[in-house]
Amino acid sequence: MATTRLIQDAEASAEVKAVFDDIRKVRGTDFVNNFWRALANDPVALKATWEEIKQVMGPGTIDPMIKEMIYIAVSSANGCSYCIHSHTASARAKGMSGEQYSELLRVIGLAGKTNHMVNAMQVPVDPEFTV
Amino acid sequence: MATTRLIQDAEASAEVKAVFDDIRKVRGTDFVNNFWRALANDPVALKATWEEIKQVMGPGTIDPMIKEMIYIAVSSANGCSYCIHSHTASARAKGMSGEQYSELLRVIGLAGKTNHMVNAMQVPVDPEFTV
Amino acid sequence: MATTRLIQDAEASAEVKAVFDDIRKVRGTDFVNNFWRALANDPVALKATWEEIKQVMGPGTIDPMIKEMIYIAVSSANGCSYCIHSHTASARAKGMSGEQYSELLRVIGLAGKTNHMVNAMQVPVDPEFTV
Amino acid sequence: MATTRLIQDAEASAEVKAVFDDIRKVRGTDFVNNFWRALANDPVALKATWEEIKQVMGPGTIDPMIKEMIYIAVSSANGCSYCIHSHTASARAKGMSGEQYSELLRVIGLAGKTNHMVNAMQVPVDPEFTV
Amino acid sequence: MATTRLIQDAEASAEVKAVFDDIRKVRGTDFVNNFWRALANDPVALKATWEEIKQVMGPGTIDPMIKEMIYIAVSSANGCSYCIHSHTASARAKGMSGEQYSELLRVIGLAGKTNHMVNAMQVPVDPEFTV
Amino acid sequence: MATTRLIQDAEASAEVKAVFDDIRKVRGTDFVNNFWRALANDPVALKATWEEIKQVMGPGTIDPMIKEMIYIAVSSANGCSYCIHSHTASARAKGMSGEQYSELLRVIGLAGKTNHMVNAMQVPVDPEFTV
């Protein structure tokens, strides 16, 4: 259960409807997921966040599927259940194979392990790593 | 300053020396960074962690440079300063361009933003995302 | 489901009952939420935490409604689902408007974003910021 | 030490210089802090983040000083040292008194405490808290 | 709901079955919990993680019950709901009393509180604490 | 550098001096570490936190040295550098051996690893783990 209402299509203002329509068009599906419906209580944040996601997660020098995997990595470290679900679905939709997913999980797990050990030991940064 | 000693070459046991030698050989450099020197207080953990890193971070269905970028993503979410420094250096050594790094930072930043907003709103997982 | 029992009124010891009664009196409601029922397994911690909450969250130089919003901010960063729910309800009960809530979410989201980018870039603290 | 270069005025492109100039104008000071100099390696992200900060942290239904305090709260939970320093300086510049700061620290500390206890006990959300 | 399939006994490969059998033998129960069933999608990670858990969580200079309590502490800070449930059950199975659990929760809560306050105040490390 | 002043003995109020004196007496040393000097800007929080630490970290059904190790575990997960330093020093002062420290680091590292993997896979809690 959300701490805020999930805006349904029938109650969407023109501003919200325009963003929902663009989400549908860009993704080629009628499905608008709950994140956008929750955010729609604030039409300004809804539009700004959607524009940012389109700009950041689209094609560039990193493959969009890889970007989804990076998103999963951050979301797993932060324990954001919803984000993990939605971006795992996106990574799969963009072609992430079962083997790639297994390798991603191993990297996330290993990073979690060494992050904790390094924090516990307070290892000083080697001068060799500085820019 | 570390909370534990950093083991120098001159004081390394045979077990520790063997791992340091393998690190040097695999990486083609004489440099052994502080993480391994701190971990060397526990030769069993040193060997096990080095074997795990070699296995997990090596070639597979995800490119090793991309694995370093995923490592940076997890470490940034966890705020592990040392890990961020060492894996950013590794990603660069494996070919990460300035443009790829900029895109990585944008994805990490956006994930941090939506993770926090989703947590704050406690958005329920859409049934469409379930396996 | 909790990892510990939720103490019901009928089974509460005199010590626990006294705290539950004070919660009811201070809040002007018969409702005692699950946090207190879980904590009631340890009557000493129950009493100490309730006294601390009364002291910290009450009136002072920061408005109690604002304190609830700060609590939501910390809880969102920590991903504490229960805490987010309970303190969002408290903030609303103390008068937080829909517009204030939207602005709060924007600040939390932006802080999450820049926290991640700053961590990733390991930006050094400007001398101008030191006390 | 940063993992990326800090762009100095002399080497700033026209795009970067325009943002730096706006930062100076809006804040009424010649000082441009390191976050912007690090971010300036990516002029698109620099401009977008500065516009977002101006929009989100400016006046609205929450006082700008309070917004800085909320920012401190999120940054403390995330352990972002730079962010804590810069936003504590901003909160003070906007009028946060010593007493308000003390109260803020108490709320942050208490939230940290109960977040951890609630997580440990996995307290189920009361139906009374749902929207 | 998991983001990956939970491998049931009937569909387990020989490699997976061997690990499940060892889990059952070592623990003296027919019950194989969901963590292992999710991890079983990657038989290499399954075996490596199980071997690591046996080695790390077994008897040594720290009592296995205490190790479970330390695991609960880390998992509570990270907000890993599943991990908190499974390791609280393990700690209880290894003899953790109700009083020990209450004391554990108090330490976790206090650490959460001072971690947040120390982060907020950016307290410099005393030279007396260095190795 | 702290974001607040570190109160020195010469400037301590009577209230603050009384707490510093008690810290010295209980610990049998003249050394008052920076956490208390930073917190001393708020004499009420100083006294309350010191009383809580004495009560929570003292003898009980968990050994005080073990409590320090649990504190290290939470602080490592939260990345609180100061807390890791101070409580590692305390654990050593209370008798933590090098071998116990190595085992602690292994448990913290393993918990960090599985916390991240479990979060990434969103493993559902087994009904067997419920109270």
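All chains are identified by letter, namely A, B, C, D, E and F, in their written order; residue positions are counted from 1 within each chain.
Rule of thumb we're sticking to: a residue touches a chain if its C-beta (ideal position, glycine included) is under 8 Å from a C-beta of that chain, and two chains touch if they have at least 3 such contacts.
A quick note: this is a predicted structure, and the numbers were derived from the prediction, not measured.
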Fraction-based call for chain F against chain C, same above half, different below: same
Maximum centroid distance from chain B, chain identifier (CA atoms): C
Most distant chain from chain A by Cα centroid: F
Interchain centroid distance [CA atoms averaged], chain B/chain E, Å: 21
Intercentroid distance (Cα basis), chain C paired with chain B, Å: 34
Intercentroid distance (Cα basis), chain D paired with chain B, Å: 27
In chain F, residues with contacts to at least two other chains: 1-4, 45, 49, 52, 74, 76-81, 84-85, 88, 104-106, 108-117, 119-122, 125, 130
Residues on chain C engaged by chain A in the complex (per definition of touch): 79, 84-85, 88, 98, 101-102, 105-106, 109, 116
Residue ranges of chain B touching chain C (in the complex, touch as defined): 72, 76-77, 79, 81, 84-85, 104-105, 108-117, 119-122
Chain C to chain D touching residues, read off their complex: 1-4, 6, 31, 33-35, 38-39, 45, 49, 52-53, 56-57, 60-62, 66-67, 69-71, 73-78, 80-83, 85-86, 88-89, 97, 99-100, 103-104, 106-108, 110-126, 128-130
Touching residues on chain F, where the partner in the complex is chain D: 1, 3-4, 41-42, 45, 49, 74, 78-80
Chain F-touching residues of chain C, taken from the complex the two chains share: 1-5, 48, 52, 125, 130-131
